[in-house]
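Shared between the two complexes below is chain A, which has chain B as its partner in the first and chain C in the second.
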Partner chain A sequence: MDRLLEVTNLHTSFRTYAGVVQAVRGVSFHVNRGEAVALVGESGCGKSVTALSIMQLVPPPGKVTEGCIAFDGKDLTAMTEREMQHVRGNEIGMIFQDPMTSLNPVLSIKTQIVESLRLHQNLRGEAATHRALELLRMVGIPSPERRLAAYPHQFSGGMRQRVMIAMALACSPKLLIADEPTTALDVTIQAQIIELMKELKEKLGMSIILITHDLGVVAGLAQRVVVMYAGKVAEQGTVDEIYKSPQHPYTWGLLKSVPRLDATRKDKLVPIYGQPPDLISPPQGCPFAPRCDWAMNICKTAQPEFTTLSDTHQVACWLQHSMAPANPRVKRGGAA
Partner chain B sequence: MGSYILKRLVSGVLVVLIVATATFMLMRSIPGGPFRREKALPAAIQRNIEARYKLNDPLWKQYLDYMKNMLRGDFGPSFKYIGRSVNSIIEDGFPVSAVLGGVTIIFSLVVGIPAGIISALNQNKWQDNLAMGIAIVGVSVPSFVMATLLMYVFAVKLRWFPAAMWGTPRHVVLPMLALSAFPTAFFARLMRSSTLDVLSQDYIRTARSKGLSWAAVVYKHVLKNSVLPIITYLGPQAAAILTGSFVVESIFAIPGLGRYYVTSIYNRDYTTIMGVTIFYCIILVALNLLVDIAYSWLDPRIKLTEAKE
Partner chain C sequence: MAPLIEVKNLKKYFVVARTRLGAPKSWLKAVDDVSFTIDRGETLGLVGESGCGKTTVGRTICRLYEPTGGEVLFDGQPVFKLDRREMLAMRRKMQMIFQDPYASLNPRMTVGDIVGEPIDIHRLASSKAERDEMVHELLHTVGLSPEHAARFPHEFSGGQRQRIGVARALAVNPSFIICDEPISALDVSIQAQIINMLEELQEKRGLSYLFIAHDLSMVKHTSRRVAVMYLGKIVELAESVELYRNPLHPYTKALLSAIPIPDPDVERTRHRIILEGDVPSPIDPPAGCRFRGRCSYAMPVCAEQEPPMRDVGDGHHVACHLI
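Showing the complex of A and B:
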């Protein structure tokens, strides 16, 4: 498999009055061509900042301070703003969480779609309109001829997200970054949007980074999952590995907090108690230790290294260590 | 759209009638009159003058007569400037005030809007601090101070521009600067805050994610959204500036309409008070209608035809 994107040791921080917030602290993962990878974690774990770092759109005072983002053989962190403008929208498309606020209210849908066609493909007039109609049809907007001149407020939430997808895919990017694309939508619409993204991924052969805090959404689309916590990768593996034999206590917690259809009345949703750590002064040990039911002394003082369980499955947890007490869920791999 | 404008015109006429009535009553409720002096005139003369101007009629009759004439577009003779009609006062003064005011508004928009955008794009950097520092001076220095300072520096000391009077384009510069200090500064501050607000919106990030340059984002996505508060403020501000400023026109001896708003009141020049007030009211109503039409043109979410719901 050919790697389209390889993020290595990414650090992104925000210099604020209170101190330097280390939002992303050494994240590494990759995305193969034609593959969908999910970045999963609770609010504030650094998944959106990771996505914005890839786009080089981290809002000030944020800055990528270290690491390498290799996209299609080029390092995005070394690019000038002008070179990045050529990548954004053309080679990497992005869709955002809230379709209600992510479209410009005073410009027509047509203007907003044609904008990137004109910029990157030099399409104008008839040709641009034709392509815009084709895109709207592709994302399943009924009678696009009539809707093309409409404004965002004339669309429902789900339809707006479809328009966002059409915009992001206008120039057939190699990578689509979807930052919580379904969070602001109704559950039934969520399923439709995920289904649409899956369909388009197969049709267009693009790669997808799906950012979400909802493990239920992941299974429908992604092949691999990267679980993030407090600006670091806690565990990564294929969807099967993460769902069937999760190894990190944080992943266990995430899976337990997803509602299940086959649950009986007695099975309550189990939240993960506590708060993520303050990223101005991140803890010395494993950041999840204060909330972890299996935390040992070592967890509070030293960062766990990655243990490789298979080609695709890696976990950063001290329970993998040969001296850790046995746990029925932990399948010790590697040579830790 | 057509029916909306018609409806607004009808309500505008109502507003003007109400303002006219209120002004008429207020004006008559203040003590004194146009022909009363500290040294009383002989009673017979006083009566004759008042009869000549129909001030002896009962108030309701004077009111009805006035309204009838007003609806025909006749504001009557001035009580103070003998031999001049209020219509001719407006016809002579308004073009002067409107030229000065029009130039002032264009100047303050052309300077204020870009200054506000530049400030917002360089928030808390030196460009922002400089522009907002000047804006604070512009907002807080009263126009009579600004006018005398300008006159002293540019007319008396440097002799670049004439100190006063009206006639050539060079006469326009100093009063325009004095008059535009406040609106320019105000537009700049308004534009800065609305631009900052728009810049933090999600759709700006979307526009950036398409690969648009900053300049294209500002021009295509920011401007149309952030100019709306300016439009709101522009209606009443333009009405005030176009009809003339008492202070600036007095200092620069400009034969505009502005001074009549003040002098007619202490002269108790009833017809002139009514005339200039109604005229101001008409301009204000018209400009507010223009503002609302401009809104619907700039922001598709605002639909004028649905205004009745």
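Showing the complex of A and C:
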């Protein structure tokens, strides 16, 4: 399949007084055209920093220190700020978790949408207004003619997120990065936004990177899943591979620690004990080893390599090694 | 056996505007005529979207807000009629765990003082040594160690802070704890730790919980019965398995179908009821049934009459004209 985005060995660090925080430590994944890929993990695992690195928007003191981000045949890490400004908005759109803080409260949404149309598509006056209306209609804002001149505070949370999506789609980008787009919203509104994103993906044929910690949202929207832990990719595969035959103990933990609404009997939740490691001095071995029930001696001393299980399914775990003791499949119970 | 908590026609209105003479002009009816009971050792789940009044219910029960109307009986004792001194004694029996573990702990107090404060207020320890012993015991109960007592809240992660909040609630040995979204600020792997701890404590100490949350799958897991709130009212109350298997109110149906399930096969085949629009403002709620504006089954009668709460058998209650 045709690759739109390929991230190879990405490293992003933040130089702080306490030391260098290695937020992203060698992340590689790709996004095909027209595909939705989910980056899943807990807070601090580096999923948002990965997205910001792609956009070249890592706030100082953060810096992309290594790696290559190939987007549509161009290397984004080698671009100048001017060239990047053309890519942002025009080719890659982004929406953020909290729509209230990412919209300017003192400008009407018309001003904010028209601004990006003017900058990127050179649309002015009538034409820009017309396009803005079209966008609001597309994201399902009722009576857009009346709402266009309104200010962000006059919209509800769900409607604001729709405005954000309209702005991100203003220039028909090839890739939409959605950073926790529904975390701040209620479940019924979340369902509306997820349906909208699905529908727009089909209609516009764009690719989506969905960043979330909610495995339920992922199952409904994405085709492939990248599970991140402590700045590294732990496992990646298609949704079916990740949910039906997960291979990394961290993925098992994620799936078993949330109760399922359709569960018929009550099982005790299986938490993952302990805390994620400190990324100022990340552990020498597998970062998940201290919290892993199946950790072996080697896990504490050496980083696991990726094992390829199928064309799409890769996992970084020593349990996959041919010398590892019998796979503890019996104990884990998978996604059930 | 009589229930531990009986909430009858609870009302809490907030004044949002006043006339020039200071008389209330318009009200926000956060909680409008809510009734339920909680048995000893039981967990009652209270779910609803933001702004539906679920937190206000919790806070009004323990009189962090003064009620506008209604009655709460704790073990037969009317909570709203107690004077200051009696209320202090009552607070030994009911405690609260808050949503945000970052905002609910005083950053300038050590953990030992945070957990020890209720012991001091209620004079539960006769000496400093006994107090410290009790604090250490409490920290141990929630999975922290005694040397944590000298540290400050900022040295702890979100999950550990929530443990401190639980230890503080347990300090007075209550029989009822209001858990106001205790896990929504935590990561998924940490959520399960806190939930398991709350369940173990319930088994060991026979605690009753009012578990307030917006995450219906977690509420279904923790609670024996679940009440669904919409715009200040309970629209449906049933045993959690029954509520999931046989939801009757159109809002409950929509709420259940909106919750994503971590299984791609289920998600592909699922029929989803997407609610149109947003929750209306509780300042001027629609007359009749409050849900009718978003309900696809709304009938003329829904605009005229407020649907009464009806028992449809086996403790399943629902307020809808369709039933």
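In the analysis below, the second predicted complex is superposed on the first by the 324 of 336 C-alpha atoms of A that agree within 3 Å, B and C clash if a C-alpha of one lies under 4 Å from a C-alpha of the other, contacts with A are read in each partner's own complex, and residues count from 1 in each chain.
One rule holds for everything that comes next: a contact is a pair of C-beta atoms (placed from the backbone, for glycine too) under 8 Å apart; a residue touches a chain by one contact, two chains touch by 3 or more.
This one's a predicted model, so the numbers in the text were calculated from it and none came from an experiment.
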Superposition on chain A - do chain B and chain C clash or fit: fit
First, second, both or neither for A:164, with chain B first and chain C second: first
Chain B versus chain C as contact partner of A:269, first or second or both or neither: second
Larger contact residue set on chain A - chain B or chain C: C
Contacts of A:116 with chain B and chain C, given as first, second, both or neither: first
Contacts of A:72 with chain B and chain C, given as first, second, both or neither: neither
First (chain B), second (chain C), both or neither touched by A:55: first
Inter-chain angle, chain B to chain C through the CA centre of chain A, in degrees rounded to a multiple of 10: 70
Smallest separation of CA atoms, chain C relative to chain B, angstrom: 5
Of all residues in chain A, those that touch chain B in their complex: 55, 57, 59, 82, 84-90, 93-94, 96, 98, 101-108, 115-116, 119-120, 151, 153, 164, 167-168
Contact set on chain C toward chain A in their complex: 49-50, 157, 159, 187-193, 195-196, 199, 214, 216-218, 220-221, 241, 244, 254-264, 266-267, 272, 274-275, 277-279
Residue numbers on chain A that touch chain C, as the complex places them: 42-43, 142, 156, 158-159, 186-192, 194-195, 213-220, 239-240, 243-244, 253-255, 257-264, 266, 268-273, 275, 335
Interfacial residue positions of chain B with respect to chain A in the complex: 201-203, 205-213, 220-221, 224-225, 298-301
